[in-house]
Amino acid sequence: MPLLDLLLEAGNLKRLPRTGWLLRGVPNPESIADHSYRVALITLFLADELKVKGVDVNVERALKMALLHDLAEARITDIPLTAQYYIDKGKAEKKAAMELFIKTPKPEEYFRLWREYEEELSLEGRLVKFADKLEMLIQACEYERAGFSNLDEFWGALDSLRESEFYEHFRELVDGLAERRKGR
Amino acid sequence: MPLLDLLLEAGNLKRLPRTGWLLRGVPNPESIADHSYRVALITLFLADELKVKGVDVNVERALKMALLHDLAEARITDIPLTAQYYIDKGKAEKKAAMELFIKTPKPEEYFRLWREYEEELSLEGRLVKFADKLEMLIQACEYERAGFSNLDEFWGALDSLRESEFYEHFRELVDGLAERRKGR
Amino acid sequence: MPLLDLLLEAGNLKRLPRTGWLLRGVPNPESIADHSYRVALITLFLADELKVKGVDVNVERALKMALLHDLAEARITDIPLTAQYYIDKGKAEKKAAMELFIKTPKPEEYFRLWREYEEELSLEGRLVKFADKLEMLIQACEYERAGFSNLDEFWGALDSLRESEFYEHFRELVDGLAERRKGR
Amino acid sequence: MPLLDLLLEAGNLKRLPRTGWLLRGVPNPESIADHSYRVALITLFLADELKVKGVDVNVERALKMALLHDLAEARITDIPLTAQYYIDKGKAEKKAAMELFIKTPKPEEYFRLWREYEEELSLEGRLVKFADKLEMLIQACEYERAGFSNLDEFWGALDSLRESEFYEHFRELVDGLAERRKGR
Amino acid sequence: MPLLDLLLEAGNLKRLPRTGWLLRGVPNPESIADHSYRVALITLFLADELKVKGVDVNVERALKMALLHDLAEARITDIPLTAQYYIDKGKAEKKAAMELFIKTPKPEEYFRLWREYEEELSLEGRLVKFADKLEMLIQACEYERAGFSNLDEFWGALDSLRESEFYEHFRELVDGLAERRKGR
Amino acid sequence: MPLLDLLLEAGNLKRLPRTGWLLRGVPNPESIADHSYRVALITLFLADELKVKGVDVNVERALKMALLHDLAEARITDIPLTAQYYIDKGKAEKKAAMELFIKTPKPEEYFRLWREYEEELSLEGRLVKFADKLEMLIQACEYERAGFSNLDEFWGALDSLRESEFYEHFRELVDGLAERRKGR
């Protein structure tokens, strides 16, 4: 049963730590699934907010991307930046994603969505990228509030949020997060 | 910034363990967010499979329910069965869900979806309930494969999957899971 | 064997984390049993100190209260403050405590002691409440010394210790703890 | 403030694992404080049961012993059997216990109680020894139910429970535990 | 200070889990450093045993290989088998190893040793490979004794131990391990 | 098979935490094996650096000492300073080391090396002591960078590094580490 195999494999995302935090000394950090869950939640809220503001966004497509964007890490694991200099992570994930999606009811559609996200080819793809970075910064903020340090590097992503086309819509959210960090 | 507050609160779902496993002696079990992620993933695959089979299901609404269905546990925590005899969990979650959704762009819609799931008022609501139970059993299967025992109780949910209107569509999946358990 | 069942259930207190710390980002925080142990130890020392100072306190009754005061959490879990707005924790614990004590040799006595503590009806009950808060602050102090932050909220309990009838007797202890915190 | 120092030191009992389980591969096993809490709880129930049965036992003294019996491990740690062949643990604990008790309101009394337990000089001392072993077996039973194995060695303690003067009073409890193990 | 940087980077080996166990559900499994330590220890004992038996082996070179063989994982992490289908791990490790060794007093020698191990070019290189596999099986044996299952796959390495040139010398060790497994 | 027994016992070093960190509140700190691995790695680099500088040092002997120096803790555990006031750790380790080495191919040689390290009888013995302390400080530095505090005590070892005969050779390394700490 290919779908069952896939769902069991997806369980790896619960067991695998996000290595960025692990390497900086956070004990038992969040899992990849933990991260993906909040990315999807953020995507939902931002997409619906955009609709309220009159932007034409396809919520269903955005949510699908959010749920599928890290699925290939069930095989590839969360390869950290230190390794990406030696490994073509994008290429590996692309191949793994394709092979995983074959076990689902809509392989072509899912792969098309995955590429849209990966290469930021559509509004929804770019929105999920925005949500992905925002999620990471919210987590960084939480770890810092809890007392962990050595996480400055992550905050470089703040600039890319501010340069995004979505910043005008979510300025309050992004700046609010930056404020909270200072207020530590 | 109410939405930022909500997203930070949602971080609790990463920190809070699923108490069912914890009480049966699984050390560092999955988080609530871990569970919710795979529920959403299963919902996506099952909904798309139903569409392929010609069933008229609204994938977007189903995904929203899956992502929102346990959000209130960010405040309530994963109250185990042993406690539910003394606590009206449904009532508590309902109130907490309402107060959380107020911080989002679409409080009424989200609350309506939440109720649809909770009370199984729509096809999508019942599908997410099915996905929620299926996810739990897949996790039970994984813990048992890893060597943990004392999880028989959970497998009672298999009956309710088999009595569901979706069983005819996902018989292979449900029976495949039951097979795997035996094959341990 | 009801008493054996109860003792096995009490094992939950070792497995269940104190959620106050967990929600603020302390990884693998103390268990409920960890906390209860030191509450009982503090109760012992404070009660004996009071006796030395000529206060008439029943040490046996105080120790029994300390050991029993959180037993119901074996069923209810450590419901955090965020949830208590939606849940009548006191009522739930009362019912669970009664049903647990039925499995012991002295149900009525234990339940009377439990109520004395919960409602601060006797000197001993109030002393154990004092020990309960003091224990929490000592733990907060330890977590802060170890580098965790975000625990300010807990220190509100310092005021209630200072307003207590026992403050005159344990001024040095309470103020010493507050000093240590500053000295961080 | 010597008493505050002592209470902070007692915090070590929450952080230190029980090494018997750790060495047999239980990940994140119970702490010394976890164990001590249930020993005290068992002592309470057994002592009160004995009183109901007409045995003259001093509950207060028994509870004090239970709470103090492992306190010296805050300095000594839970030295496992493999080490006790090379280390005179009894002697080390005795010295450490004395030095810790000096910081309390009743050093002499506490040390006398500690010795009564250690050398089983009184009914209460022997009862707490009985509770100490029983607690360990209940924990072993729980770990085995959860799926851990390699714990046979611990069950040797069952014989010493059955040879104890308290066996006649708690036969049902001891045999019930042995039954449960078989029923695994 | 390049050497200091390298030593700090080597700290990653303590923080990074061995993913083979993690993916099969062992919670908090051994670190890469844990594994490397026992590989070095085994190498020491086997090399000295070979010398006792009259085999001409260079212990110093073997120990250096054992200590350096997984150092590149400080950057690459322990990429599991599921990922190696998509990633050329060998190539990545080779490049990372070179760049790490540049920070040491003897880059060329260390790289030559690393290659000797990786490509099994010398007796010492093959011995460390043998020790690497043996270590993994001893760990598998320990996890199984502790109650974990789902580790059958790893035992395939037993065959390669038995086909090795060293099997004649360490037959008792290899067969003894296989025996112990059966005796579970 | 005595050697297999020894290798299985050495597995304890992976399971046992370094108690110095544990007692100061670092959750899930490094294992003894984690520490020993980096001590051996440091020994390798320092010994080779000394050779480059024309100092006559036997690398093989140094590496053997590094790998064997904490092996006895597989039985004794990492007895913390608080306990060493009550326990003659050196004597216990000596006896345990002897009994463990009997299971190896070269008991006399290993015990001689162990004593050379323990009593700093040779250049290599003193070098491994230097590496042992340096490793601890690098770890302290990493925990502090990650946000943990309360580790000042450990830095006393900096003085002993500076008074060592090796300081002139590794001044840059030692001072670089001290700099980094300040730069926190």
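Letters A, B, C, D, E and F mark the chains as written, and numbering starts fresh at 1 in each.
One rule holds for everything that comes next: a contact is a pair of C-beta atoms (placed from the backbone, for glycine too) under 8 Å apart; a residue touches a chain by one contact, two chains touch by 3 or more.
The UniProt protein names, listed by chain, are A, B, C, D, E, F = 5'-deoxynucleotidase.
Because the structure is a prediction, the values reported are computed rather than measured.
Between A-B and the choices B-D, C-D or D-F, the pair with more than half the same contact pairs by residue number is C-D. Mean C-alpha positions place chain B and chain E at a centre distance of 41 Å. Centroid to centroid, with C-alpha atoms defining each point, chain B and chain C lie 34 Å apart.
Across the assembly, chain C contributes residues 25-28, 142, 147 that each touch 2 or more other chains.
If you sketch which chains touch which, the pattern fits none of the simple shapes: not an open path, not a single ring, not a star, and not all-to-all.
Pairs of chains meeting the touch criterion are A-B, A-C, A-E, A-F, B-C, B-D, B-E, C-D, C-F, D-E, D-F, E-F.
Touching chain D in their complex are the following residues of chain E: 26-28, 142-143, 145-147. By the touch rule above, chain D contacts chain E in their complex via residues 24-28, 147-150.
Residues 12, 15-17, 19, 22-23, 25, 28, 74-77, 79-80, 82-83, 85-87, 91-93, 95-96 of chain F are the ones touching chain D in the complex. Of all the residues in chain A, the ones that touch chain B in their complex are 1, 3-4, 6-8, 10-11, 13-14, 28, 30-31, 33-34, 36-38, 40-42, 44-45, 48-49, 51-52, 59-60, 63-64, 67-68, 71, 104-106, 109, 138-139, 141-142, 172-173, 176-177, 180.
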